[in-house]
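Multiple structures follow.
Both complexes shown next keep subunit A, but they swap its partner, so subunit B is in the first and subunit C is in the second.
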Partner chain A sequence: MSSAARIHWRSFKWAAWLGWEMDSNWTEPWLFMVYSVIKPIAGAFILVLMYTVFALIGQFRDPDLFSYIYVGNAFFIFVGNTLFGTFQVIQSDREWYQTLRYTYISPISYYTYIVGRAASKVAVAALAVVITLAFGALALGVRFEINLAQLPIFAAAFVLGLFCLVSIGICLAGISFMTAKHTHGLAEGIPGIFYVFCGVLFPLTALPEWAQSVGRGIPLTYWFDLTRRLLLPPNTISTGLGFFNDYEILALLLASSLIFFLMSIGIFKLGEFLARRAGKIDMTTSY
Partner chain B sequence: MDFAIETKDLLRIFKPSRKLFKRKNPNGNGAPEGPVTALENVTTQIREGELFGLLGPNGAGKTTLIKILCTLLLPTAGHAYVAGYDVAKDPFPIREKINMVSGGETSGYGLLTTRENIWMFSQFYGVPSKVAKARIDELFKTFGLWDKRDAKVRTLSSGQRQKMNMVRGFVTDPEILFLDEPTLGLDVNASRVIRDYVMGWVRRQKGKTILLTTHYMMEADEMCDRIAIIDHGRILACDTPENLRRGIRKDTTFRLEVDTLKSTSMFTGMRGVKNFSAKNDIANNTTSLTFILEDESPVSDILSSIQSQGSKIHYLQKSEPTLEDVFISMVGRGLE
Partner chain C sequence: MSTATATSRIPHRVKLNLQAIVGRAYPRVIGANREPSWIFFEAILPLLGIAAYVFIYKALATRALGVILTPTPSAPYGMCGPNPCVDAAQQALFQANSIANTNALIATVVLGGAMVAFWLNVLWSMASQLYWEKEIGNLQLYMMAPMSRMALLGGMAIGGMFMTSVRAITTLVVGILVFTVTLQLGNPLLLLGVFFVTLIALYGMGMMLASLYLLWGREAFNLSALLEEPIFFSSGFYFPVGGFARFGTVGGAMLAFATAIPATLGLDAMRQIIVPGSPSLPIPIPWSQGAYLTPDLEFGLLLVLAVMFLFLARYTLAYLEKLARREGRLTSRHQ
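Here is the complex of A and B:
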């Protein structure tokens, strides 16, 4: 392994180990398991409730639409967890554990360290997504139609989707270098934006024209769209992306993910530089 | 010759952070208005193999200097080189060679055991497993943490956490180690152990350098090869403890203990008084005074102005200069 690769690997490996220890050890193992299963199922019930309310108000009863919403929301679990996972690293290491300055001055890639710390959150999210999907199929009548031949494209989209999410998370982390601990709003507000603009809850076409353009600029839109195409039976929902075939969507996802990746490096480096200049790398805010 | 640490005209100014929403009347207690000059014109050269001390009162700029050298903070102007690399341009190769511990602070991941905490940091530096394991065991024994090796960090006392952080500093066997008040708040025994270990570590190995800051005069005197006295961001003197003392040996040092004085302003600028410090002891209702005098002639003036305040003199002693006196003669006040 080249020395740069070795440094990134050890940064990732030990950060992931640390993240996992902290995420899984806060309680007894059995309680952790119960929590990990109950939480997504509770989330699924909230969805059912939401759908029922919609159905009563709007008087639509389209099982396809329910499946569309359900799968979108299931995969959205990744968004919240990953963004929170990357965003809270600097905040908690700096303010709570007060280890940030020591980690920061060690010979690792701090960028990769943050990715590693978020990895366990992504793993926990993956479990939650699987449970949610299984629960949907078994208890709520969500119909899946999976073509094994499309598995590679699904996997590629999945990897790119996570890659892009982590990039967005690193952008947030770069910003959080400069901000104090009471800015949790950022980690909660940004997923909210994606929830609305990326066609999670309702198709893109339900939004006004300008909002659809915003949605098309965010790679997550393509990830969610492609994921649904590959998991659900063909339907008549107008997503606004129907004129692209699967490979074109994948290409769009790849291109926009790369842009976000480059952006994450830029924003992260800038945030780091500004914080180092202002003396904020290891600040603690006691308010 | 290359220096382990070198700074040239280092300047660091902290600007008050610009508030997005300015408050109308800034009476609230926030950051002080206006920029703070934490370091000014700091030029030093620390040789490889030296145990170098920074001695200065609160707010002198010691931690600021360490942060710049550790690549945590950028200088406002000037240059700093660690192991020959520029801290601003080339932080990564520096990070491979340094480590830092600051005392009085209790960092660590509470859910991990002490050993896991240290292990993780050793792996950030790529220390081979076998070496790391042997070092951790040895250091835990040295610092009296052996029976806490498998305890969760959240169960440690703050002193134990501080010792754990010392282990973290040494476990990576850095070439250059920064210790910011390493014995702050530790008991006498633990401080002793740390001082001895630090001195032994530098002296028994080749090519190790330590920069240490402290408030404790005795600690600086005992441990350091050279000491820089720093106040208000400026280095006032830099030499061996012996030479620093010799520098004021021609001066006369007097110590007095008197009933509490209401004011000591009359000593300022008194003819023949180079500098002085005064410390009130509230419990005993006394004031301890130390004078650095050019010769003995001002003593009678001093005594009469004390008596004119109606204060009784408990004792008066002429003494050999200590490092503390050197400090008083330069800074104009004592340390503790």
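Here is the complex of A and C:
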């Protein structure tokens, strides 16, 4: 390992440890685990009740669409946690702990530090996703059909999906350098973009044509589609991406993830530069 | 101090507390306007999450209508529920019902989306605020100031309501226009009454939680994060909460818990008032077969909740103040 790589690894490792401690040391580990999975599971329950209420009122059952919604929502836990885990670092360190100025001037890559801080949230999200999927299979009758031969594609798609999410999170962190205390608006709103345009909870074909085009430009659309193809049995839902095979979807995911990675570097550097020039690196906006 | 002197000081105290309310509301209203980026982050972006929920109902409706309208050899008039439609008239009836139900559910989402703004504001800008003030060093100044702490929290609440109303109104207007939701305004007075009493009860709850969060420290602060999705779920922000009643004892227990949160009753009452048609899945009254909570009844219950939460807020504040004096650790940061 080169010395630069070693420095990055060390920054990542300690930032991940710090993130874990900051997230979890306020309580016992078991309580923290419960706390970490209740939110996403409640989110899944909202969808379960929405579907149930529709089925009750309209006397209509659609197990294919329910499975589509459920699995999409389960994997969306990664989106919320990873994005929030990255961009909130700027605002929590700057406004809450007021330590950003010290970390920022230390001889580390701040980009790597943020990625490290997000790592604990990604790990907790993974646990919540597993629990949500298991609950769906055991209690709600969601049918999974996994072909072992396709596991390498699933693993590759999974890694690329997370890579892409971290890149988008870093883009937002770059923007956060310049904005006031809007963590909650960002946390709620940015995942909302992906919620709507990436076919997470409903097929892309439910959107107007222009919105489908937006969705096809976001890498997460391909990640969700491929993940569902690999986990669920064939169904009657028209996703609007049926003309791509699995490998083509993976290639699209790879290409768009690389584009977002390069964008993350550019936007982060720009945000940093503008914040330094405007003297906003350590501002507080606590109204 | 003589009675006359104490009485003569009332106007001064009222003025002082009114000034405190205005003083604490001011930074929320003016400060927010000095940082206009919040409109994008707090009012525009959250619309997308609401849109996602609307599209779920739309996707379900499209599939349901497809089943109703698609003839098959075994069901020449499509399917009406689990059975084939008997004739074209029944098919048309099911189609009309499906469209009306979808409108009602989308209206529920739009209304819930507007009220989410207030709930988040209560959690993050009321309940967590005193803890936040402690962390940034303002709390000791508040505790030393001569006004009532209730006035301080009241100012926070009024400022928060103003900021949040912008988001709520944006959600409502955009929701109605973009998703072409049909609403009715049969009883505007009751609607306004329910809305404002719900807000008073919600913010009263926030004032109470503000003191409790301060006492519980970091653990309580994490409670705010925990009270988002689980409350959106239990209070029926995106579906008629009466749906829980179909889940037996567990559902009944969930409903009982949910009705202690003002948003649940407020949302259900407003939904019943403004969504056309008979209420779908209202909250049943367990001891009376076939009866359900009407908006008038929910208004009365909300009044009780509002008074109760304001009383509890005052009590917990007094307790907090006593504890602060006794233990002297109220302003210690990061505890």
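Note that the second predicted complex is superposed on the first by the 271 of 287 C-alpha atoms of A that agree within 3 Å, B and C clash if a C-alpha of one lies under 4 Å from a C-alpha of the other, contacts with A are read in each partner's own complex, and residues count from 1 in each chain.
Simple rule for what comes next: a contact is a pair of C-beta atoms (placed from the backbone, for glycine too) under 8 Å apart; a residue touches a chain by one contact, two chains touch by 3 or more.
Because the structure is a prediction, the values reported are computed rather than measured.
Engineer: Just checking: does A:186 make contact with subunit B only, subunit C only, both, or neither of them? Give me first, second, both or neither.
Structural biologist: Only subunit C; A:186 stays clear of subunit B.
Engineer: Which chain, subunit B or subunit C, is in touch with more residues of subunit A?
Structural biologist: Ranking subunit B and subunit C by residues of subunit A touched puts C first.
Engineer: Thinking of the overlay built on chain A, is A:259 touched by subunit B (first), by subunit C (second), by both, or by neither?
Structural biologist: A:259: touches no partner chain.
Engineer: With both complexes superposed on chain A, which partner does A:26 reach: first (subunit B), second (subunit C), both or neither?
Structural biologist: Once the two structures are laid over each other on A, A:26 reaches both partners.
Engineer: For subunit A, give the residues common to its interface with subunit B and its interface with subunit C.
Structural biologist: In subunit A, positions 26 sit in both the subunit B and subunit C interfaces.
Engineer: Please output the residues of subunit A touching subunit C within their complex, sorted ascending.
Structural biologist: For this pair, the touching residues of subunit A are 26-27, 35, 38-40, 42-43, 45-47, 49-54, 56-60, 62, 65, 69, 96, 179-180, 182, 184-186, 188-193, 195-196, 200-203, 206-207, 284-287.
Engineer: Could you list, by residue number, the parts of subunit C that touch subunit A in their complex?
Structural biologist: 27-28, 31-32, 35, 37-38, 40-42, 44-53, 55-64, 67, 80-82, 97-98, 101-102, 104-105, 120, 124, 132, 135-136, 218-219, 222, 225-226, 228-230, 232-234, 236-240, 243-244, 246, 280-281
Engineer: Per the contact definition, I'd like the list of subunit A residues that touch subunit B in the complex.
Structural biologist: Result: residues 6-7, 10-11, 13-14, 17-18, 21-22, 25-26, 97-99, 101-108, 273, 276-279, 281-282 of subunit A touch subunit B.
Engineer: Using the touch definition from the top, list the residues of subunit B that touch subunit A in their complex.
Structural biologist: Listed in rising order, the residues of subunit B that touch subunit A are 14-15, 17, 67, 70-74, 92, 95-96, 98-100, 105-112, 116, 120-121, 123-126, 168, 172.
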